[in-house]
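Each of the next two complexes has chain A plus one more chain, namely chain B in the first and chain C in the second.
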Partner chain A sequence: MTNQSHYEILKEIVKIYLPEDVSVSDITEESNFTSELNINSANLVDIILDVEDAFGITLENQDMDQMKTVKDALRIVEQKLVE
Partner chain B sequence: MSLQHILAKLPYSKPFLYVDSLIEINENYAEGSYSFKEDEFFYQGHFTGHPVTPGVILTECCAQIGLVALGIFLLEKEGASLKNVKIAMSSSQMEFYLPVYPLELVTVKSEKVYFRFQKLKCEVKMYNSLGKLVCKGSLSGMLKKETP
Partner chain C sequence: MKGRVVITGLGVCAPNGVGLSNFSHSLSFGISGIRFHQQLADLGFGCQIAGKPEITDLQMDTYFSPLERKGLNSSGLVYGVMAGTDAWGDAGFKPMGKDHPDWDSGIIFGTGILGTDKFRESIYLIDNKKTRRLGSTSVMQTMASGISAYLGGKLGLGNQITTNSSACATGTEAIILGMERIRSGKAKVMLVGSCSDSGPYIWGGFDAMRILPTQYNNDPMRASRPMSATAAGFVPGSGAGALVLESLEHAMARGATIYAEVLGGAVNSGGQRGNGSMTAPNSEAVQRCIKEALSDAKVIYKEVDVINGHLTATSKDAEEIKNWSEALGRSGKDFPYINATKALIGHCLAASGSVEAVASILQFKEGKVFGNNNCSDLHPEILKIVDESKIPLKTISYNSNIIAKASFGFGDVNACVIFKAYKPN
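The block that comes next holds the complex of A and B.
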């Protein structure tokens, strides 16, 4: 079960970096950041930095490597928050 | 790590190398200079009969010194091998104030904003030989260690 408010916060962040041909309504938990939402690797870094600020956590290189989908990002956020 | 060593590692060559010398590089800052030659290829057409350095070339010069030279320094400091590094500019936002003509010497000063997850973001400024601001802006690039 995904924390709904965390999902909403993440969606608000991702929204900023979506290219013009992808709309907010295209975002689902299963969305792959690069192949489906067309977010490039530089903007994925921006998303990660915003996520760090929004949740007050610090992410490592291996976290980014694991962050393929929205669901992955939420899982990593939950993990970091309990640590 | 010597400045000469970093200069030699820059992955550019004529006619697209826009760094003559590196003046200073540390973890947060890079400074270098370039003097535009009279026969740079782009002066033939920019503009016809009236050579002025194109903004994209000034941006490139800022990026080679401010992003790539600094990025090489930071990667080497991390102990990374530079053999499999892929470099790409990911965003540029520049403002231009003064023209740069053939034979002018420019100095680029770059302040690191962050280098995280292989993305380097810098605030760059370019000055002419009179110390006047030529252009400034924000540049980002990815310095990706290729996974085998």
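The block that comes next holds the complex of A and C.
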């Protein structure tokens, strides 16, 4: 089950990185950041930093590698918050 | 017509005016952009005044997307993008669509060092073992070619995209390099110019060299005094200037408005020999550079009617005047009109050549020679060479035909470019 408020926070973070031809309403839990939302791979680095700031967590390289979709990101955030 | 290069667009981000109309107004009426900066005082600088373009939040939103603004902390990049995109639009061009670049258009946009504030931010993070917190834009904001790369992406240009660097000759050199590329037939349009960061990390080294004025902290607008007997050192500045250069055929085919023609130019170095050094120009090299530029432009010496000098407001100004006089073989009332833009904006370092070139070219459009500020007490050595009527203290009406612009930089490097009023014939 997805924590709805975390999902909203994440959407708010991702919004600024979307290219012109992708809108916020295109974001779903299944969205792949690079292949579906067309986010520049360099910007994934910035999304990770924003996620760290927003949730007060630290993400490791392996977490970053696993973070392909919005759902992946939410799962990792929940894990880190429990730890 | 073949090989002729014209100027079809201008853009500027100067301490006394952001945008062409503001800049032109300030130059016409002698409005200074030199201000006191509390930050420099707080840091214990000897010289606490500087020239810095005033950019509003609204302007930032106009030129940069919210994503581009995120973490943006490179003032030179901001100035350069504003001037560069303005010049491109002024020439009547639009950014390319998302699929293909414009293969015939390129960029030569110089700088000395870029993004010093961003670099400082990065250094603190790295030293605190937080390298991974740098984010994705620290490289592009601090690499010298960040400015040409950024503009290249915004406009979608596919010809040569590069950044030149030759200290305070950078901007003038960029114009010459762009002209040569179009002349050689390798490009049809070149966006050329230069930018320089503002702030203590750029200006500190000059303060340490004790070549900046320290006695005008309470009277900043009188501090930059080129050609004056009381010149006390150059006032540090910052900003960007940009020009769109285009082959005459290309400009005419699309019915572009033409500001002026770039007739020719030359760059050289005194090799830090003779009276040249890392920080001072070799006079023989300066004179050769001026002569070579005129020869490249096929202009005879008496045809030059306006000079926009390098004239930084140091003791070297008189020597520069002497070099112009000897190179052109002209003096007294026969000397061309001469002006020093730095009196109003300070020395914009790597940006100086391009910002002052824009000032030079606006004189064709306005039918004016912009006045000189802060030199009612002309240096006696200068008065021995040039009649004071040739150094107008107020802006005068004058339709110039040939304007020479020169810049000299650390490393004993020189650049001189010759502009001509454009007359269709």
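The rule is short, and it goes like this: the second predicted complex is superposed on the first by the 83 of 83 C-alpha atoms of A that agree within 3 Å, B and C clash if a C-alpha of one lies under 4 Å from a C-alpha of the other, contacts with A are read in each partner's own complex, and residues count from 1 in each chain.
Methods note: contacts are C-beta pairs under 8 Å (C-beta built on N, C-alpha and C of every residue); 3 or more make two chains touch, one makes a residue touch a chain.
Since we're looking at a predicted model, the values are computed, not measured.
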{"item": "Contacts of A:L81 with chain B and chain C, given as first, second, both or neither", "value": "neither"}
{"item": "Partner chain in contact with A:A42 - chain B first, chain C second, else both or neither", "value": "both"}
{"item": "Between chain B and chain C, more extensive residue contact with chain A", "value": "B"}
{"item": "Partner chain(s) touched by A:Y17 [first = chain B, second = chain C, both, neither]", "value": "second"}
{"item": "Set intersection of chain A contacts, chain C complex versus chain B complex", "value": "42-43, 45-46, 49"}
{"item": "Touching residues on chain A, where the partner in the complex is chain C", "value": "16-17, 42-43, 45-46, 49"}
{"item": "Touching residues on chain A, where the partner in the complex is chain B", "value": "40-46, 48-49, 61, 64"}
{"item": "Chain A-touching residues of chain B, taken from the complex the two chains share", "value": "90-91, 114, 116-119, 140-142, 144"}
{"item": "Chain C residues within the chain A interface of the complex", "value": "66-67, 70-71, 133, 135-137"}
